[in-house]
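Each structure below appears as structure tokens.
Each of the two complexes below includes chain A, the first together with chain B, the second together with chain C.
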Partner chain A sequence: MMEEYAVVGKAFRSVGGSDKVTGRAQYLDDIELPGMLHAKILRSPHAHARILKIDTSKAAALPGVKAVLSAVDCPKLPFGLDVPDARIFAETKVRYAGDEVAAVAAETPKIAREALKLIDVRYELLPALFSPQEALQEGAPLVHEDKPGNLVKSYVIERGDVDADFAACDYVFEEEFASSRVTACYLEPFGAIARWEPDNRLTIWTGIQGAFQARSEIARALGMNPSQITVKVPAIGGAFGGKIWIRNFHPIVALLAKEARRPVKFVLTRPEEFAASRPRVPAKIKIKLGMLKDGTLVCKDTAIVADNGAYSWAAPKIVLNMSLRTDCLYRFKSVRTRSYLAYTNTTPTSGFRGYGNAQSHFAQESMIDVCARKAGLDPVEVRLKNAVRQGDLTLHGWKVRSCGLTECIEKARAAIARGRKPQADPNGTVKRGIGLACMNHVSGNRAGNNFDGSSSMVRFQEDGKLVLYHGESDMGQGARTVLAQIAAETLGIRPEDVLVMPIDTDVSPFCFGSYSSRVTTVAGKAAYLASLQVREQLLKLAATLLEAAPEDLDVREGRIFVRGGERKGISVADVCKSAIRTRATVGLTAYVAYDPPTEGANEDFYGDYSSAYTYAAQAVEVEVNTETGQIRVLRVAAAHDVGRAINPNGIRGQIYGGVAQGAGWALYENMVYEGGRLQNNSLRNYTMVTATDMPEVEPIIVETQDPVGPYGAKGIGEPALIPMPPAVANAVEDAVGVRIRDLPITAEKIYFSLNPECEGPAS
Partner chain B sequence: MMKALTFTLNGDQTRVEVDPGELLLDVLRRRLFLTGTKKGCGEGECGACTVLLDGQPVLACLLPAMKVQGRAVTTIEGLGHEQRLHPVQEAFLEKGAVQCGFCTPGMVLSSKSLLDGQPQPSEDEIKQALSGHLCRCTGYVQILEAVKDAAEKMTRAEGRKGHA
Partner chain C sequence: MNIQDYLVPHHVDECLAMLNAWGGRGRLVAGGTDLVASLEYGKAQAEALIDISAMEDLMGFEIQDHELVVRAGSTHRQVSAAPRIRQLWPALSKACGSVGSPQIRNVATLAGNVVNAQPAADAAVALVALGARAEILSSGGRRLEAVENLYGGLGQSRIDSSREILVALRVPVPDAGEVNVYGRVSPRNSLCLPIVNAALSLKTAGGTVLSGRIAMGPVSDRPFRPERAEAALQGVALKDRAALSEVGRIAGEEANPRDSCLRGCSDYRRQLLTVLIRTLLEDAAAQTAEEA
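After this line comes the complex of A and B, so read on.
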């Protein structure tokens, strides 16, 4: 039996929710500063071209224009992540349609827009590369002159003797899968406001997932020290990985504000969001899989070619995830992966919910079904037979401390079987099928030997309210709510009495940010440990007031009492009053920097890098119209091992939202380019799931009580999206016998597969 | 040449000078500082900018402000406040229908308008009423639950009033 808690696991209204339903929550574009100017950015219309000349003089002369900048006016310091190759503006050439060429700050957005039209740029077109396959060919033109072969990064990772194991297998199958370019498409456009302060300090307001990472990257681009910069995070209207890292506009607004000596605001327009935000890294993944007659998965050989786009952001790390993580879902004996990440003249790709893991799950979880079917086995049984289990040490060195994969598979299978619709309608036009896919993910991800933790400061006020400082953004996923619950549970107070502070890098404790589904697990643990320390201080002081021993005291619902003699007690607020503004000099404050007990991966990428791995199985029922190829996802049973549910309403929300995004990616989301220019750069023609086509979803929460996470909790931010595309592909094959290997699974692809005599795109 | 626009805003008679072509969204956000109305796209596709015009949902990002001359506009700020939330707002909180909150003001207003005209809508009617609103966070499930919950509570409250 798991312990019952007062606050953990209970339904609880989200922190900040009432501001959001009343319209008072302040997002970036709601902030107005005195004298604030508005910025617009001129972007390249070409995928690849040399810049012959930029003349900004006419724009600068337009009344109302206060600053105009292009590369010549800016520091030329490279910035970016693993492969820092970005500059603030394109210098000698543009590398994708959307590349930043110049920027204007003016009294109104309208004047800024007018001014952009007055900037004269001459280009000489260059041959452009639109796929990594082209880019990696001998003699291909170079995207960056100093990056030979257009190769950003390659990995070769091998465990065990794959070749010998293949030779001993009963079956060896090989298939290729491809994932499409999709965008996070959060509802609030990304942006920033910059203002220079006395002492040459810079304040940036931006709805970013990792405030401290943003601060150091902005500092790098501008040649400043991080402590000269303050990053403040207002309410964030969704992010999903698309707002983890800074964009060029961050240093751009800072420089415009400096030039104009006025605060400057920049917000992306929706078409800019599409053309110049960072889509998911598209990849072609070829898998060779060896298995035994009884369904034992033995070995796997994978080749990945992925598209980095024109500049490198998180794609190298994403391809690394793609190359490793699915190997740890089943008990493979040996694996080998060769991955190549190439520059192309397309929008730079980066993180989106799943961070590479979603792409490789589409390939592997489709592959398991293909192979099981070919071997005449039940794909779900094959998964059950090979699933990793608690206590396993995986072949990449992960220590599986808690794992509910088997339970998830069984529960999802049972749930989808209940209430199934007929497999075909009487006239045979509509066919239905079911499919299942699994997933594993992380809760935090240590890069090398770096810090992978989080910090928290908690402090009682004189009125008994608790203030909690942290540095992990809440972009809607409910970070603040979970932190408040953990602190309240630990201190025995009501969650309503916890004030979770907004993020300001001058005040907030150092944190990495909200990504890798890490916040509940690592920031939650930091908040837990800090609360524990304050609880000790609180009880010690209460003990003197109550003339009892601290170890005999307990605290619940804001009241401290002597265990066993519940009548004798004192309120937390009264103890706080006696501690603060008195001569007791008790701080009732604690600051904890927590780093999880993992060693991180070595240079061969071997090692335990997350303190809690998460597992899930999602089963779906689909309906296919055999005349039109139209697919509908009818039902989803989503079973997730969350360790321990802290906020069940929030978990349901993450599952529904992940399912919606995953179903959208599976069926229709796809960025379509023509000559390097995005054709569907509007919400009109980039199709996402709406209220009318959302499937019925049954969330199934599996609790495995992780030994490290706070109260046993693990992350749930990304997992629900990951298994959707392969689950849908598997269900489609079950319904109509057609296997689609490239996303999205459109009606058109189904139609032409069902009617091979018609001319059309084969899949 | 600025023009004078007179209309009822959240129950108050309001007069504001606007540019002739100015959109209602910009007038609300920039001139009247009512920033609860959100801009997700500015092209009539996301529903985040929804306000009620004489009780009916309209997209403020497409509507020239002068079109509301003499009419009544309700924005999210006019619906309830922290101490006394509208039942739809209550239900959104109760059911966990709010994640990032960017779609929320528009969703809440369309839901209110639906329930004003149809106190007991079917699931399909709710979906239809919200089909013009994109939400990237929630998958809509808890939003639909919230609207149903609000409908029940409002109907019960009406019933009580009827018997009193």
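After this line comes the complex of A and C, so read on.
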């Protein structure tokens, strides 16, 4: 039996929720500063072209225009992540349709837009590369002259003796899978406001996931010190990984504001969001898998070719995740992966819910079904037979401290079997099937020997209310709610009495940000530890006031009392007042920088690098019209091992959202390019799931009580999306016997697979 | 967008006077769901917008002299929710009910759907199959035109919204034995333009089709009527599945959908039409069987 808590695991109103639904929440675009100007960015219409000339004089002369910038006016300092190849503006050439060429700040957005039309840019078109396969060919044109072969990064990772193991297998199967280019398409377009302060410091307001990472990247691009910059994070309207890292517009607004000597606001338009944001890294993944007759998965050989786009952001790290993580879902004896990440003349790709793990799960979880079917085995039984379990040390050195994978599989399987519709309609045109896919993910991700924790500062006020400072953005996932619950539980107060502060890098403790599904686990742990320290201070002071020993005291619902003698007590508020208003001088404050007990991976990518690993199984029922190929996802049973549910409603919310986003990717989301230009750059023709398309979702919370996470908790943010595409692909095969290997699984593809005699579109 | 004035007339005469005063530089706006986007993207120009939504004499719909008169202010929501329309013109009701989303249907009008002249506009496709006529008013007088004759090319209406008002759409009341049906195929359920759509209106007697009108989109520059499929309909027994399939096949053959990287390749869309027309004929068969 797990321990019952007062606040943890209970339904609780989301912090900031009512502000959002009543329109009081302040998003970036709600912020108006005195004298503020509006910026617009001129982007390349070409995928690859040499810049012959940029003439901004006419734009600068337009009344109302206060600043015009292009590369000549800016520092030429490279920025970016593992492979810093970005510049503020394109210098000698543009590398994708959307590349930043110039920018204007003007009195109104309309004037700024007009001014863009007056900027004269002459281009000389260059041959462009639209796929990594083309880019990696001998003699291909170069996207960056100093990056031979267009190779951004490659990995070879090998454990055990794969070749010998293949030789000993009963079956060896090989298949190739491909994932499409999709965008996070959060509700609130990304943007920033910059204002220079009197002491030559810079303030940036931006709804970013990692405020401190943003501060150091902006500093790098501008040649400043991070501490000269303040990043403030207003309410964020969704992010999904697309707002972890800065964009070029961050240094651009700063420089425009400097030039104009006035604050400048920039917000992406929706077409810009589509053309110039950071889509998911598309990848072709070839898997060779060896298994025994009884279904034992033995070995796997994987080849990955992925698309980095024109500049390198998180794609190298994403491809690394793609190359490793699924190996640890089952008990493989040996694995080998060779991965290549190539530059192309397309929008730079980067992080999006799953961070590479979703792409490789589509491949592997499709592959498991293909192999099991070929071997005449039940794919779900194959998964159960090979699932990792608690206590395992995986072949990449992960220590599996808690694992509910088996339970997730069993529960999802049972749930989808209940209330199944008939497998075929009487007239024979509608067929139904079920499919299941599993997933493992992380709750944090230590890069090398870096910090992978979080910091928290809690402080009681004189009225007994608690202020909690942290640095992990709440982009709608509920970070603030979970942190309030953890602090309240630990201190024995009501969550309503915890004020979770907004992020301001001058005030907030140092944190990496909201990604890797890490916030509940690591920031929650930091908040827990800081709260424990304050609790100790609180009880010590209360003990003197109550004339009792601190170890005999307990605190619940804002009241401190002597255990057993519940009537003898004092309110937390009274103790706080004594601490602060009297000569007791007790701080009732704690600052904790917490780092989880993982060692991180070595140069060979071996090692335990996440505080906790999460597991899930999602089963879906689909309906396919055999005449038209149309698919409907009818039901989803989503079982997730979250360690311990701090906020069960929040978990369900993540599951509903992950299912929606995952189903959209599975069925129709796809950025379609022709000649390097995006054809569906608006919500009109980029098809996502709407409320009326949602399947019935049954969230199943599996609790395994992680030994490290706060109150046993692990992450949930990304996991809910990851199993959807392969689960749908597996269900489609179950329904109509066709296997779609490239996302999205459109009706058209199913139709042509069902009617191989018809000629499909040339792809 | 360079709009200098936004005018709200209260009756048709006032509206005509405003159009005349702006001499072709003003433009009617109803729900604005098409026009505002066109103005924003520079696909339409106007110096003044004349909003028809406050005109009493353009509101509502009624049955008059064997015709349904849908005045120009009527929204998709009003039409799709009316029980009488659902009963007599299920094709129109369903077509209007599948436009966009509740928010769009609450403001967008059938008249705007027709004047915007898109080949797969849901209500327009149904109106063409139903043989609807448009009543158009200008300073030159009043005229009646078949909806299907209002098209002058892709997105081009023969109604000049800077000088003329479409005041009402007139749809004949079905006789005994007449049925009408509508259907569409789209990747998702809401806020999605159809990959293909179609409406049929059939005169039947004793389970046999006497004649029929078919309209489908987007397979041409306007709602398209497949002549050979309509001819093949004559004399078809509604119970004869093979014959219904044959009509679907012919309609698919006559259609000329474009290859689209977003909406699907031509062959696939042709197949969808074949299936859609056959399914709609089956629906019509079920309807006549119910009535018999």
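Heads up, the rule we're going with is that the second predicted complex is superposed on the first by the 760 of 763 C-alpha atoms of A that agree within 3 Å, B and C clash if a C-alpha of one lies under 4 Å from a C-alpha of the other, contacts with A are read in each partner's own complex, and residues count from 1 in each chain.
In the analysis below, a residue touches a chain if its C-beta (ideal position, glycine included) is under 8 Å from a C-beta of that chain, and two chains touch if they have at least 3 such contacts.
Because the structure is a prediction, the values reported are computed rather than measured.
After overlaying the two complexes on the shared chain, residue contacts for A:Lys20 are found with chain B alone; chain C is out of touch.
When both complexes are overlaid on chain A, the residue A:Asn680 reaches chain C alone and has no touch with chain B.
With both structures placed on the common chain, the touch criterion links A:Ala691 to chain B and to chain C. By the document's definition of touching, of the two partners only chain C reaches A:Ala747; chain B does not.
Residue contacts after overlaying the shared chain place A:Asp163 against neither chain B nor chain C.
By the document's definition of touching, neither partner reaches A:Asp604: not chain B, not chain C.
In the superposition on chain A, contact is made by A:Val672 with chain C only, not with chain B. Considering which of chain B and chain C touches more of chain A, the answer is B. Residue overlap on chain A between its contacts with chain B in one complex and with chain C in the other: 684, 689-692. Residues 11, 13-14, 16-27, 29-30, 32, 184-189, 235-240, 269-270, 475-478, 649-650, 652-653, 655-661, 682-684, 688-692, 694, 697 of chain A are the ones that touch chain B when the two sit in their complex. Those residues of chain C lying in contact with chain A across their complex are 101, 185, 187-193, 259, 261-262, 264-265, 267-268, 271-272, 275.
Against chain C, the residues of chain A that register as touching in their complex are 627-628, 630, 667-668, 672, 674, 679-680, 684-685, 687, 689-693, 746-748, 751-752, 758-761.
Within the complex formed with chain A, the chain B residues making contact are 29, 33-43, 45-46, 48, 75-77, 79-82, 85, 89, 92-96, 98-105, 108, 126-128, 130-131, 133-144.
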